[in-house]
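Given below, in the form of structure tokens, are the structures.
Shared between the two complexes below is subunit A, which has subunit B as its partner in the first and subunit C in the second.
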Partner chain A sequence: METVINDYISREVVQDAALLPLGNATSLLETGILDSLGLLRLVVFVQERFGVTVDDVDLIPEHFESVDSICAYLRSRDGEGAGRAVGHG
Partner chain B sequence: MAYLLHHLLAASAARAPGRTAVAAGERSLGYAELDRLSNRVARALLAQGVAPGDRVGIFAPKSAAAVVALFGVLKAGACYVPLDPKSPAGRLAAIMTDCGIAVVLADRASAAQAAALAVSVPGLRAVIEAGPHWGREAAAGTTPPEQAPVPPATVPWEAVLAEPAGALGPDLAIDTDLAYILYTSGSTGAPKGVMISHRASLTFVEWATACAGLDERDRVASPAPLHFDLSVFDVFAACGVGACLAVVPENTAIFPARLSQWLERERVTVWYSVPSVLTMLATYGNLRGHDLSGLRAVIFAGEVFPVKHLNLLLAELPGARYLNWYGPTETNVCTWYEVPSGAGRTAPVPIGKACANMDAFAVTSGGDRVAKPGEEGELYVRGSGLMRGYWGDQDKTRRALVPNPCQPAYDEPAYRTGDLVTLDDEGNFVFLGRRDGMVKTRGYRVELGEVEAALYAHPAVREAVVLPVPDELLGSRLRAVICAEGSGGLSREEVLDHCRRRLPGYMVPDIVEFLGSLPRNSNGKVDRARLAGHEG
Partner chain C sequence: MDFSLSAEQRELKAAAVDFARRELDSGLAEREQAGEFSPQAWRACAKFGIQGLPVPAELGGAGADILTTVLVMEALGYGCHDNGLIFSLNAQMWSLQMPLVKFGTPAQQQAYLPGLIAGDLVGVHAMTEPESGSDAFSMRTRVEREGDFYLLNGIKLYITNAPVADVMLVFAAHPGKPKMAAISAFLVEKGTPGFTVSRGMDKMGLRTSPMGEVVLDDCRVPAANRLGSEGAGMAIFNSSMTWERSCILASALGTMQRQLEASVAYARTRKQFGQSIGKFQAVSSKVADMYLRLEAARLLVYQAAWLGQQGKSALTEAAAAKLFTSEAWVASSLDAIQVHGAYGYMKESGIERDLRDAIASTIYSGTSEIQRVILARMLGL
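Up next, the complex of A and B:
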């Protein structure tokens, strides 16, 4: 899951090559990697790729701070039975 | 009478010294304090030899420190140039060199980064800290790398504070002097510096204040960074009436639920942003779960607001006025339209009618003035709000500021917007599209030619074309079609990596495709229409 999300952010969201390669613990916010449209595209991607629904109350910095925190959030959603991972993330 | 932008601050500081001018998290700044601190900054600039008309860079995100800095620059009779700390270093150095920046003002967190950058800018004399670390700590590891050339002197904030805080004496500028230069995308690959005078900016600010009905009770907010011309409204219009500029904390505009919480907590009364932030807010912001009854005006500009999302916003937040402001950086806002209340709109939102003290008119391809609904033409703008031109580029200036085609009796500049418009039945202008290769993405203007020029800088790129792909949220996505030298070997990642080093993020193509050859029309030119028809 970390690899899939790291790949997506590195390819589609990162806008400054100096920030690559992207570490899974690197802050997406302090580095300015994530902007509002980047977040929206990322949410659309994880919803399609992992078959979860991201609620608006879950769109908070704590869940999108880094690749690691995104994965932790998605796994917690999975634990609630809110969604099933699709594919081999 | 205010004829210089900083007269607005002087008047508000005299009338309401204790009122809050800037609220930025824990740090807020009263009008008297803002006035006195910016006097000190002006003196620190003069001490560095800054003369009237000199360009001074502002290297900081929108913050209390940045507002102090820009008023300091204006009071010194100089012209400020916002530098986006998130832009690639190469682009920033090109901008700083282009307009010959003498001194850079940076907040403490950015000062080391600015000093490292300044090494590559000839003639740059000093980096001055504008404010202590108000709300922003220096990131770890931002000490400048050991460089062979000696970086310019860095003047610490403590030295600025040692300057006298009293008023400076006679004005060092007149209203036709430049107040700021905003760099936008240029078609030949180099960014263009749009020069705005005090008079032009005040023409906008005075109209905007009246249009939004601002008064000293207002709390005005916009997430637009200083290098984006939307920021002129919240910085100067708020200041002119003694209202409070509420600085949107970094990252807050990204997370819609946070933004609605923040709007409620800060009791924001007037909001100004590109439509995409409002789309996110309407879709994910849980607006009904917050008390936003104080938000009385929502203003948007910079791109077309998709009607579907605007209707959602009108339904979620029915109490506010909705204003669509239109105008390229070169004209400030020049037309406006108030969206009637009630959802269920189906027609696109017009760009409206000319602002007070500005004139907008459209000219058909036959050279006639558009007079009747349904006729199409290119929009021209004339009036005191126009830019002075592009810094250091008289040719481009002459192509943009042309003699008014409807005024044969004497010379008068009019700005050719390149925007094609028509009239609706109420006499409002309606935007149809562009005459040239400029597109809007995320509210930013992008010249496709500038992206193409960056692609051509890669040795393995033989030919490159960049096309806009309409996107409901972004405005346009950028699609690059590339013919590589030799037999392949050039990867998508390589192209993106190459672009990211040369272009700001919003100009990096979203889609990269490779073709063996590009289709051509009978003139031998690349057939963009055919390429556009064969997407993906």
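Up next, the complex of A and C:
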């Protein structure tokens, strides 16, 4: 899961190549990697890829601080399809 | 997607049109000229059940699904010519009520939702600032914790309903935190020390919807009035914006339908050069375009509402619905004026008011330019 999300953020969200390679513990908020639209794109990706619905109330900083915290959040949603990759790759 | 209406939805829509025609347009021309909000119309809407439509029944609302709510707002836009009143209703429903439903504690919901639904309270959110509009999260309003209170300092500008608001959801940033994690939201009541509406604002359109500037000067808010957790402001704002962009222009569908019907009727009866002006293709093409834009806008709005109803992400679809419908409303108003000729340009026709009101829709809830940015980003650019 970490690899899939890290790859997506590195490919689709990071705009400053100097921030690559992206560490799983790197703060996506303090580095400015995630802006509000980047976050919403990431949510759409995560929902489609892992088959989980991310509720509006869960879009809080602690869940999207880093790749690690995103994965921890998704794993906490275990039982709703989270953690199982859907689709290719 | 199946957008066929149930018998119940058709009845509710017809009842809303009838209600709007009977109770909401009284004295509109004078109120519009003077820029006056109608508390009577506001309460009448509450009595009919407008404000409570999307609020779950267990919280005192009607518990209507999103599509039904959209249909009723469309009916309101068709039957009621007071677009400012409808805008004020939308502002409260999507930017305050739904955040309360979604993020509020039971105590917060109990404190405000009954009054908002009953029409006894008027509310809205306060986000925009003199230096922060489209770049909403760069706000300068600051919040600092002080024991069991928060101190808010800053200025909020272009705040709909502010001069008549009893409660406002104010967004503010915690200093020193990353922009995305810095924003919190607070329920601030009229009369809170340090909270003032410093001035009303005169507008081109939507003149019956009051707007003002809010000053927060060491405004002391109980910690219990924070909505959601610290830093949840972005989540709250994004959630309410998706609701708002999906639903706020449902009423414009009704207005465009009314404009279309009026234009067809006028083009059939108005005669020049010995025949109805509708027989001239230069005129009939405008009417055809009005129909085309209306139907496309309706499908986009219904689609965004349907997705929301399924619990699916509708960010892209909501942006598309908001962008297309707002621009369609402006174009429809211009075409309606042109079809009606000099009469359309006169205040007594009411169409020029629709145009002034429609222009605002390309600015509020994110400008057309920002909607295009959202669409492009969501498409991977």
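Quick note on the criterion: the second predicted complex is superposed on the first by the 79 of 89 C-alpha atoms of A that agree within 3 Å, B and C clash if a C-alpha of one lies under 4 Å from a C-alpha of the other, contacts with A are read in each partner's own complex, and residues count from 1 in each chain.
We take it that a contact is a pair of C-beta atoms (placed from the backbone, for glycine too) under 8 Å apart; a residue touches a chain by one contact, two chains touch by 3 or more.
All values derive from a computational prediction rather than experimental measurement.
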After lining up the shared chain so the two structures overlap, which partner does A:A25 touch, if you call subunit B first and subunit C second: first, second, both or neither? neither
Could you tell me if A:D35 is touching subunit B, subunit C, both of them or neither one (first, second, both, neither)? both
Return first, second, both or neither, reflecting whether A:D56 touches subunit B, subunit C, both chains, or no partner chain. both
One more residue to check, A:Q47. First (subunit B), second (subunit C), both or neither? second
With both complexes overlaid on chain A, does A:V14 touch subunit B (first), subunit C (second), both or neither? first
I'd like to check the shared interface: which positions of subunit A are touched by both subunit B and subunit C across the two complexes? 12, 29-30, 32, 34-40, 56-57, 59-61, 64
Of all residues in subunit A, those that touch subunit C in their complex: 12, 27, 29-30, 32, 34-41, 43-44, 47, 53, 56-62, 64-65
Where on subunit C does subunit A make contact in their complex? 102-103, 136-137, 178-181, 228-229, 231-232, 234-236, 238-239, 242, 311-313, 315, 373-374, 377-378, 380
Residues of subunit A touching subunit B in their complex? 11-12, 14-18, 20, 29-30, 32, 34-40, 56-57, 59-61, 64
In the complex, go through subunit B and note every residue touching subunit A. 86, 88, 139, 250-251, 253-258, 276-277, 280, 283-286, 442, 473-474, 493, 496-497, 500-501, 504-506, 508, 510
